[in-house]
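Below, each structure is written out as structure tokens.
What follows is a pair of complexes built around chain A, which joins chain B in one and chain C in the other.
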Partner chain A sequence: MKILGIDDNTDINELLDTVLNGSGHEFIYVKNGTEGLKFIREKKFDIVLLDLAMPEFSGFDVINSLLKEGLLTKQKIILFTASSVLDSDIEGLIKKGIHSCIRKPVDLDFLLEKLEQLQV
Partner chain B sequence: MRIKSKLVILFSIIIVSTVVATSIIAFKSLESAVIDSQIKEMTDQVQTKANLINDLHYRAAQDLLFSVKNPVFVRYFDLRDTMAGNVHDKNKVLQFTPQQRLVKNELDQWIYNFQNRFNVDETCLVDINGQEITRVVLKNIALDKDLSYSEWMTPFFRPSFQNDVDHVYYQRPYVSPDTKRWVFAYTTPIVRSDGYKAAFYHFEMPMKIFQDLVQTTSGRIYVADPSGYLVADSRYKFNQNINSEPFRQSPKDYFPSINTISTSSDFNKALRNVQSNANTDVGHVTYNSNGELHYIVFKKLALFGWILAYEKPYSMMLSGNTNLSSLAITMSIIAGIAIVGGLISVFIISDRISRPIRDFAMKCRNQDVSNLQIINPIGNDKEINQVIYAFNEMIQRVNAIEKQKDEFASMVTHELKSPLTPIIGWCQTLKNPKLIGQLNSKQLNAVDVIQKNAKRLLQLVGDILDVQKLDLNKMKFDSQPVDVDDLLNYMYNNLQNVMAQKNIKQINSTKEQLTVISDRNRIEQVLNNLILNAVDFVPSETGKIEYGAQSNGEEVLFYVKDNGTGIPLEKQKNLFHKFYQIDTSVTRKHGGSGLGLAISKGIIESLGGKIWIESELGNGASFYFTIPNDRTNTAVSEKVMSEKVMDVEEEAK
Partner chain C sequence: MTSATNSTRSYDQIMNSIVMIVLSTTMVFLVQSLYFGNQTLAASSNANNDCPVFSIKYGCDLSAWFHLIIDGLIAAFLGVFFHHLAHKQGLKLKKIVEEHDAMKKRRREFAIQSLKNHFTTLLFSMSLINKLEPMYASDTKNRDNIKDQINRNYEIVSRVINDIKNVLLFLNDVLEPQTINDVNQLCQTIDQGYVKDENKQLRVIDYTETKNKIKGLCKTFDELHPAVVPIQELFQHTSSNPSSNNHTLKKLNYQDIALYCRRLFKKLDSSK
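Now for the complex of A and B:
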């Protein structure tokens, strides 16, 4: 699967790079929302793992921009966040077109399992 | 003390004192009006009595002068026989000549008739030698032998001759030797044709006529002589007929002393003032006697320096005054109505004043702590609304701080969890030989320790946040159908690894298909807490943990039973407190923060259930908790309950 990671934390990016690329996926990452938005516009990914709390251009900004451009429903976006976002807020985002939410820290086996499910 | 009570007391004092003061002022002003009118009435009476007394003497004088106008008086003294001098026999009895006898008979008849017509006790005619020519006593004409030849001894003999014709000399009272009564005497001279004062004519009037004039139905009227005795007194019954030797009867023996009125210096001073005053106008004075004020209206009489006085004590001035007593009744009724009405309004007004404060307190108490709202103005009292305004500013500040705190908590969560993500993730990756190669056993062991502690740190952060949310009542709960059987099976599968590690047995002994409307994640969290706790406390190999759920009427009862060491009774009550640990030496393999049971208790109670423990030392421990079948119903009933509690609290105050 082609997976895009958008996260300002390099440690996480590199972890995912190791784990996902090592597990047969094609994972690339960007370190901020603006860049991530550019990637999403240009290419089609199977999955986008989107961090919410990022400086300057946050995950919310990315979602809003995609919503405006009508791209939100065309791209499977999984929120990948450590913020204590309320379930109700996430439900609101899901209604708008977000696929789901995985809370950090994540069990890597669980993440891989979830990605397997999406591939089917 | 309540503001309302203070207001009630304050207003009550104001009302009662105002009513009392008004009543006293009204009473005093009416009292002085009553006394003024009483004094005026007494003044009228004194004026009338004084006129009567003065008239009495004046009329007596006029009668005397009228009587003496009869020419028979002059004719007797113009007789040659009379002018020749009186002739007496050896017994000193006056001898009348035939001519004198004729005129004397005429005189006697005139005087007798005169006595018939006027209120006169005794009448007599005395010549310049003190010889009585005629005397009529109580309509009895005296015989010749009874006529006195020594009338020059009488007190009015000399003054009578010094008087002019048509003038009357008034003699102060004395005891008449003939009538044995106290009398006034009036005398006037008789002048012969040649101008010689040959005799005087005189009559006596009983003093009783004068004394009877001072009778009164209220108070006391008296006439005081300058010598200090009362010549008339409405309170004193004078004995008219004197039985003792008349000439020895002195005024001091017969008349009561002025001291019988009062011995007070006030009174004596007042009396002296009137006596020394030439003015005969009516005046009034007051004096104190026996603790009571006495009012006296005075008037100086025309004769003898006598003073007519009308006296009443204060009580008598007011007694029988219908205006004053009806005023007292009216005032009492009005005062009563004013006080009762006033006090009712006081209660109403005080309530109105203090109500906004109580309403404000009520609104504060009803505030949802986790969601403080601005309070709307209450009533239109400025001060209260200033308090509310200040309070609202505080609420806004508190809300701002709360928001900052929430933001801080959210930030802390993120900041603490973010570094843990790569730590735990890399540990997991290091242990996977397929990804970055095989580690040796020492390295694997090191990675395990790092991973275990990172997970424990993660658990701790989660627990602390849960405690904070429960404390602030900010934890959100779902109300979704929960398949209890599915939940327990899911847990059974998840726990298999943990159980296997310690080689202990887990049993899910649920026998029913159960569904509750509640929060699945939170129930799972509590069950996890309890089961992982039990794992810590049961022995390896022989350890056994049984859990499950059963229907219990309106709720579902969950249980977690172990065969561990059990918990002593004295430690059970503290078990659900924060940071409480039964035995600090117990190795906490599952990241026990000491918050697990406190969080469980908070969650279960928030979901409308109860949690408790049953345990005996050495016999294992059993944890129980209940979850209502439908949380939404309970939530409603909870709210109703808390409102009832609030009502009860309010009643109690």
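Now for the complex of A and C:
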């Protein structure tokens, strides 16, 4: 699977890079929302792991931009966030076109399992 | 129900204002009376029939009654003026307190979010170490490579523990003491969790225990600090609210605090 990670946390990006590329996926990561948006516009990914809280251009801004451009449903966008977001807000975003939400902290095995399920 | 509460509150506020004005008027009046008491008595002692009580004429002193009225008017004016100042000051203080509370909430959100991010990194690294350890023992060909990866992950774990300690140090005012204790205990457990086995190989003990502790901690976070802020508010930009720049205490949003704390942590790391 072609997976894009948009997260400002370098450690998480690098660890996911090791694990996902090591398990047969193609994983690319960017550290901010602006770059992430550019990647989503230009390339096609199967899954986008999107962090919400990022400086300057947050994941929420990415979602809003994609929504305006009609690109939100172009790929499966999974929120991968540690922010205290209300369940009702997540439901609202899912209705708008977000695929699902994984709340941090999460076990590596759980994440891999979730991605495998999406592959099927 | 809410409107009834609001109307009671505004009625109370009006009553408080009236009481404050009356009290301050009385106070100013009393002070003034002390100052002007002698004059009043002197004026009344020289009462002249050609000078009626409320007349203002050349050669006539102000009567005691007129003094009293003038004193009363000045006292009332000063009373209202002081009340206005106090009210204005009260509003300013209220605004500062509200902004302080809002900033505290955002700092708390940042602290919890940072901790959760660090926990994710910890879980990922420890999980990787646990997966790589058996491979190191069995795969003799790539031993050096695997060893490097293991060491890199150990470095990440120890760095993340330092970062967690930094978060606790700088943001301890917004976290519950119980949370701080629990996180400290977790750090200690992980710190002590590296043991050398019979092959003199470092390994993480009790990954599952650590994982469960982290899960428990996050549950406590959610109970102590439940999500209450709507997503729009959580990720609003300061620039979209220019009026906030006028306040004495600038309204900081999450992004600003995140940037500020990151710079602070970087400075701390570089100073080390």
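Assume the second predicted complex is superposed on the first by the 120 of 120 C-alpha atoms of A that agree within 3 Å, B and C clash if a C-alpha of one lies under 4 Å from a C-alpha of the other, contacts with A are read in each partner's own complex, and residues count from 1 in each chain.
The definition used in the following text is that a contact is a pair of C-beta atoms (placed from the backbone, for glycine too) under 8 Å apart; a residue touches a chain by one contact, two chains touch by 3 or more.
Just so it is clear, the structure is predicted and the values come from calculations on it, not from any experiment.
> Once the shared chain is lined up, is A:89 touching chain B (first), chain C (second), both, or neither of them?
Only chain C is touched by A:89; chain B is not.
> Could you tell me if A:109 is touching chain B, chain C, both of them or neither one (first, second, both, neither)?
Both: A:109 reaches chain B and chain C.
> Which partner does A:19 reach: the first (chain B), the second (chain C), both, or neither?
Both partners, chain B and chain C.
> In the overlaid three-chain picture, which partner chain does A:56 touch, first (chain B) or second (chain C), both, or neither?
In the superposed model, A:56 contacts chain C only, not chain B.
> Compare chain B and chain C by how many residues of chain A each one touches, and report the one with more.
Ranking chain B and chain C by residues of chain A touched puts C first.
> For A:42, decide between first (touching chain B), second (touching chain C), both and neither.
In the superposition, A:42 contacts neither chain B nor chain C.
> Looking at A:9 after the superposition, I want to know if it touches chain B, chain C, both of them or none. Which is it: first, second, both, neither?
both
> What part of chain A is shared between its chain B contacts and its chain C contacts?
Comparing the two interfaces on chain A, one with chain B and one with chain C, the shared residues are 9, 11-12, 15-16, 18-19, 53, 82-84, 86-87, 104-109.
> In their shared complex, at which residues does chain B touch chain A?
409-410, 413-414, 417-426, 428-429, 434-436, 458, 465, 476, 478
> If you look only at chain C, which of its residues touch chain A in the complex?
Residues 109, 112-114, 116-117, 119-125, 127-128, 149, 156, 160, 211, 214-215, 218, 222, 225-232, 234-235, 254-255, 258-259, 262.
> Residue numbers of chain A touching chain C in their complex, please.
These residues of chain A touch chain C: 9, 11-12, 15-16, 18-19, 52-53, 55-56, 58-61, 82-87, 89, 92-93, 104-109.
> Of all residues in chain A, which touch chain B in the complex?
My answer: residues 9, 11-12, 14-16, 18-19, 22-23, 53, 82-84, 86-88, 104-109.
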